[in-house]
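Presented sequentially are two complexes of chain A, the first with chain B as partner and the second with chain C.
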Partner chain A sequence: MAKQTHNPKVAVTLSLVPGLGQLYNRHYLKGATFLLLTISFILFFYQFLNIGYWGLLTLGEIPRLDDSRVLLAQGIISLIITGFAITFHVLNLLDAYKEAVKFQQGVRPDSLRKRFRAGWNKSFPYILIGPGLFLLIFVVIFPLLYMVSIAFTDYNLYNSPPKNLLNWVGFENFISLVTVPIWRSTFFSVFLWTVIWTLVATTLQIALALILAIFVNDPRIKFKKFIRTVLILPWAVPAFVTILIFAALFNNDFGAINNDILGPLFNQAIPWMTDPFWSKIALIGIQVWVGFPFVFAIFTGILQSISKDWYEAADMDGASSWQKFKSITFPQVMFATAPILIMQYAGNFNNFNIIYLFNQGGPAVRGQNAGGTDILISWVYNLTFETQNYNMAAAISIIIGLIIAGFAFYQFRRTRSFKEEGEM
Partner chain B sequence: MLSKSYVSAGFLILVFSILLSACGPQREVSQNEEEQSEPEKPEELTLWAWEDTKTAFQEVGDKYTEETGIKVNVVAAENADISLDAPAGRGPDLFYETHDRIGDAYLQGLAAEIEITDEQLKGYQQSAIEAFTVEGKLLGIPSSVETIGLFYNKELVPEAPQTIEEINEIAEELTNTDEDEFGFLNITSDFYPTFPFLTAAGGYVFEKSEQGGYDTSDIGLSSDEVVEGAEMIQSWHENGYIPESLTYDVMNGLFREGKVGAIISGPWGIPDFEEGLGDKLAIAPLPTYKGKQLESFLGVKGLAVSEYSENKYWSTDFALFMTNTANSELLFENTKRLPAREDVSIESELYQGIQDQLQYADPTPNIPEMAQVWEPMGDALVFIGEGEDPQEVLKEAEATIKEQNSLLGGDN
Partner chain C sequence: MTRKTKSNLQVLGMYLFIGVVFVFISYPLLWTLGLSLNPGTSLYGSTMFPENWSFVHYKWLFFDPSSDYLLWYKNTLIVATITSICSVIVVSLIAYAFSRYKFIGRKNGIYTFLLLQMFPVLMAMVALYLLLNLVNLLDTLTGLILIYIGGAIPLNVFLVKGYFDTLPRELDESAKIDGAGHFRIFFTIMLPLAKPILAVVALFNFMTPFMDFILPSIILRSPENFTLALGLFNFINEQFGNNFTRFAAGAILIAIPIATVFLYLQRYLISGLTSGATKG
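Now for the complex of A and B:
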């Protein structure tokens, strides 16, 4: 019969119009469904995609009538829809090709019922993932793309839609960030503090957690459960409550730290809130307090799982406590927790709560447009909500995103290497 | 396997077909709106107000319905939403706004220029009209005005102090920090109530330009006159009249309890103080400095017509109706906000002091650049209170304001 004449290439070519290839493969119901879906897709989305792509390219032509923000959103949604369409189209082409090959080899299609069942079984996981994925695309990916787009426009206070149209400006915002003097000085000083903050605050909280965990784990310590519970307590109080209370304690004039501790004991007051240096010290202290219990809990768990035999063996060899710590405890703890610790660094890099709640990134610093303790993320907040510098805020957000992505990438690498070694 | 060229050809065709079809919306641009003297009446108008004024506004709206047959819907809403809602067709016809936000609304093109005759503008306070004018365009009808005054406790201070010297005398006489008793208090770390004292000898935020706007490159907050004012404020702290870390809560609380002779506050504080002090509360205009009345900031609230309203004529008409003489009086009854009209007299001894001061009040600049002034000036005032050199601190604050404002527009 059509055994020799049935050509997969023809099927694929026909399938450029979804459905035709399937009809050629004698999958009539499938072909008809594909064709119908294609036609309804075009009818339904043609106008939307048309305006969407036009909007994405031009961001509108007539001020007031065209709202660049809405057009940009529609353009991005159009891109997403096109992405879906291309995915389905490729699946359709592959389907046409595979079925045609089968047909060519003389395999005749199964009964409709059988094929339907096979299809259902094959796609079942995707059907389950589908709704979540769909939601994720519109709730996470879409805003992300929108933010990335804003970074390449000129959206600021003086160029606000709907009165004005936005324009694509390429990398201009990123260039001004490193070339315009006040942007540059602010960006680098904020960036530097963000890095110092991340390294110092996180390392200290990990170090404190490690020391406490080792002490509490020492066999000579009594009431272990009680001490552990107390040490975990800062974790039980919501962080924002802790921060607000500390902000009150550190208040220059009314705070207990100046009035009841430093005043009576040393007869002096430290300007915690108004001097950038002391504000930074206070912030790091608070973060260590808020952050150490989590790490402490993890370390405690790991310390308990380290085999006692190793320490006994070390004792037999006459190892000192320091040697035992250096060669057994520390490597064991770090090896197991490195990925989690790295995410602690990433978390502090973006720790908006503590910076904002303590004193809104203040105190003010001469010659820069961010406060003395502002980290990148709280600076972005100010740029967005105080000065409506949406374009610059978006540009900085992208930079933050890339750095965090770096952390995450490293973490996944670490996690995998850990797993592989575990499987050995 | 499937040859790759087929797949890529498929992609190309798809992409091209999309690009080819992407020719944008087909539309005819017709900008010639027909000018009618009195357009047809709409069925209803929507006014976005704030929660606390909703009821009072609805009452006036109902009166308007009786008169014209146009229904008025007063909705408590967030004005920040107008930017997205109005272009999408879900916005109001009118919105209630403070004058210092109107520059922002103008930049976004949300408030329509109000076209009315000089005849219709009669009766409104000139300064209130000015407050709603941006680049020579009137963007709102003022409904109420407010400014600060000298609130005093008649038991401690029988006669309203007329001059700053008298205020200093009261402070010297009554202040006893151990007993939490004070002669005169003001939140000197807040630029708003401290501005009159800072500029007692002269000074300004932004110089007014000839076109009626402001010249943001000309800031007048570090001149010798302002330094003179700053030194005066500094002396209050040095002499121990005003504690450095004074907050509104503390000040208002102490004044309510009758422990403070006089404070600087605004009409919003009246109900609370009246409750605490009763008949002892009195309000006077700000004092004079070297024979010159202190000038305070004027705050104006009013009604703006949305650029996206289809009924601008009737929206304006309603805004005028709501702020006419009779309704201004009604609104004062219900909201206790002083009408922005010259031809309404409020018979209230307490509010008289504020009203007297209104003649010496100048609107806070209504341009968005003003938003960058409050924080640096507040910081500067804190430093001044802590005893740092006023000249230096004020120069720094000025530089910060200029820098911040230069950043608003990116690099232009």
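Now for the complex of A and C:
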């Protein structure tokens, strides 16, 4: 008993006001619920969204009364709410259309109970992710959008709310970063050191971990468990504690490294804290100390899972240890751990803790507004919390983010390629 | 050189290398321990092997009325416990959805969040500060906990989802045929099997508040709300050398419990990480 008179297009059109389409499809309960939700949404959020969008466009009109930062925040939250509303609205339109087609074809509507059950099954995953998603939006997405927005404003020490209003300035901050001399020279020297730091510190840390993992995994070595436990110790001690301890050890005047080791043995003291070159050496050393155990632990796990047969076959062919390492161990370990290793590089690229805690990115360098050991992220920290150049800090953050996102994108493509079977 | 002596030399070389690494690892740790037993408070004049060693700094931390150490310890434990429990719940629910259900945004959702997570958190701090101010959670432990839980979701979901994916799908499908509901499958089949990775998530999130000092330093203002890391950092922040022995004592008292738990759970940790990360 197909009903030609029932038109899906009408259902969709009516559904522009959520609920009406569903009523037309004779889903009375659903229609009423949708209608009620829509009305309460409008009543509840109208005022908020109105101010939000006005704030987002103008960033306030009266200094001291309108706080641009709050208006910007409200504007971004309005955007997020709107995003959700649009998603729901599209879903509502789709639902109206699908149900209307079913009705037209004369599919007998299921009993209310059955429909309830189907609805529960369908919405179950959303119930699972709902609370987490809510938190994520406010803790990760909102701050990110906020940061991106700040990079396009003129928010700095001399122009800060609530005393002044912020303005949208387009790409001006990014342009200053490469054209204004002090910014340009600082940006390029900090960037160069960040890259060197990332490559050298991480590679050394991985190399040391690999050597140790292979040594400890050697069947001739005894007390494996004890050795592994000691080697993992630096990972187990909180990093901020370790770094502060190293900062004391490397202290120019009272540090044990100058006073107890270099002094008596070589009769020399090295300016660890005040000379950029030696600071950098010290930082790399500390990072290797702090960072290798994690990689070591991962490598150990992988080494134990490599099949013994391969080594036996290699032994029969008379392969040397080096050949075995080159053709079996190394490719196996690298293949299995590539994603983790890439994340190690990405982690060091943004390793704020060590730079800041060791000597606040110091020592100061003439002709630039970052310290001699500042990496991009610690420079961002200084710009934000010391000199309040919020706009420049945000612009640099975006650059950091894009670089890291590149890293991560590469990694995820790799991981995905060999897990196809897991896809649904 | 016979084969035997060559092998022996190799082994000797390996032990030597491991021995050198041992020295490098233990020196700073033992130095800190030695320093914490010095009677004076300043870095200058303190030695690794004090002649008249004493527990005066440990006593000070616990019993001196001007020391907030126990309060900070309590705050950190509260934050760590709640964060750890809530993250395990939230993360395992989301990971379950991503591993076993179809829904809008499933395919790219998790990668999107991981990518977003890559952007430096530091810059987010200004926004988080404003947000917490807006909802009146600034300078509260609740605000700190909420941010820890939310921030932990992407990476941990990635790990747990990877682990769930390795569990055979036949298990929950046959349970479904037997009439088990969604939650029942989740609680009686998935969760017990995923214990190792959940232990990793719980541990990581328990330790974060002990180790992190940037976030608390931005959110928490009043000393009675400080966490350990922030409190200890403030010990030496103002005048680096002057409170160092006290800091050393406080640091030892953080490091010992964390290291113990860590070493105890390391087997779980490694198996969870390698299976979750390489197969995920």
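List of remarks:
In the analysis below, the second predicted complex is superposed on the first by the 415 of 424 C-alpha atoms of A that agree within 3 Å, B and C clash if a C-alpha of one lies under 4 Å from a C-alpha of the other, contacts with A are read in each partner's own complex, and residues count from 1 in each chain.
Everything that follows uses one rule, which is that a contact is a pair of C-beta atoms (placed from the backbone, for glycine too) under 8 Å apart; a residue touches a chain by one contact, two chains touch by 3 or more.
Note that the structure is a prediction, hence the values are computed from the model and not measured.
Of the two partner chains, chain C is the only one touched by A:D218; chain B is not.
Judged by the touch definition given at the top, the superposed model places A:Q104 against neither chain B nor chain C.
Applying the stated contact rule after C-alpha superposition, one finds that A:D154 touches chain B and leaves chain C untouched.
In the superposition on chain A, A:L128 makes contact with chain C only, while chain B stays out of contact range. By the touch criterion defined above, A:L136 reaches chain C but does not reach chain B. The partner that reaches more residues of chain A, of the two candidates chain B and chain C, is C.
In the superposed pair of complexes, A:F254 makes contact with chain B and with chain C alike. In the superposition on chain A, contact of A:R69 is made with both chain B and chain C.
By the touch criterion stated above, A:T274 is placed in contact with chain B alone, chain C being left untouched. When the two complexes are overlaid on their common chain A, residue A:T13 makes contact with chain B while staying clear of chain C.
Across the superposed pair, chain B and chain C both touch chain A at residues 69-70, 251, 253-254. Across the complex, chain B is touched by residues 8-9, 12-13, 16, 46, 49-51, 53-54, 57-58, 61-64, 67, 69-70, 82, 85-86, 89-90, 93-94, 97, 154, 156-164, 173, 176, 180, 182-183, 251-254, 274, 363-364, 366-367, 369, 386-389, 391-392 of chain A. Per the touch definition, chain C reaches chain A in the complex via residues 7, 10-11, 14-15, 17-18, 21-22, 24-26, 28-29, 31-32, 43-44, 48, 90-91, 93-94, 96-98, 101-103, 106, 111, 113-120, 122-128, 130-131, 134, 146-147, 149-151, 153-154, 157, 165, 182, 207, 210-214, 229, 232-233, 236, 240-241, 244, 247-248, 251, 254-255, 258-259, 262-263, 266, 269-271, 273-274, 277-280. Against chain C, in their complex, chain A makes its touches with residues 69-70, 73, 121, 124-126, 128-129, 131-133, 135-136, 138-144, 146-147, 150, 208, 211-212, 215-216, 218, 220-221, 227, 229-242, 244-249, 251, 253-254, 256, 260, 289, 297-298, 300-302, 305, 321, 336-337, 339-340, 346, 350, 352-353, 377, 380-381, 384, 390, 393-394, 397-398, 400-401, 404-405, 407-409, 412, 415, 419, 422, 424.
Listed in rising order, the residues of chain B touching chain A in the complex are 2-3, 6-7, 9-11, 13-14, 18-19, 21-25, 29, 83-84, 86-88, 104, 107-110, 244-245, 307, 368, 371-372, 375-376, 379, 382, 396, 399-400, 403-404, 406-412.
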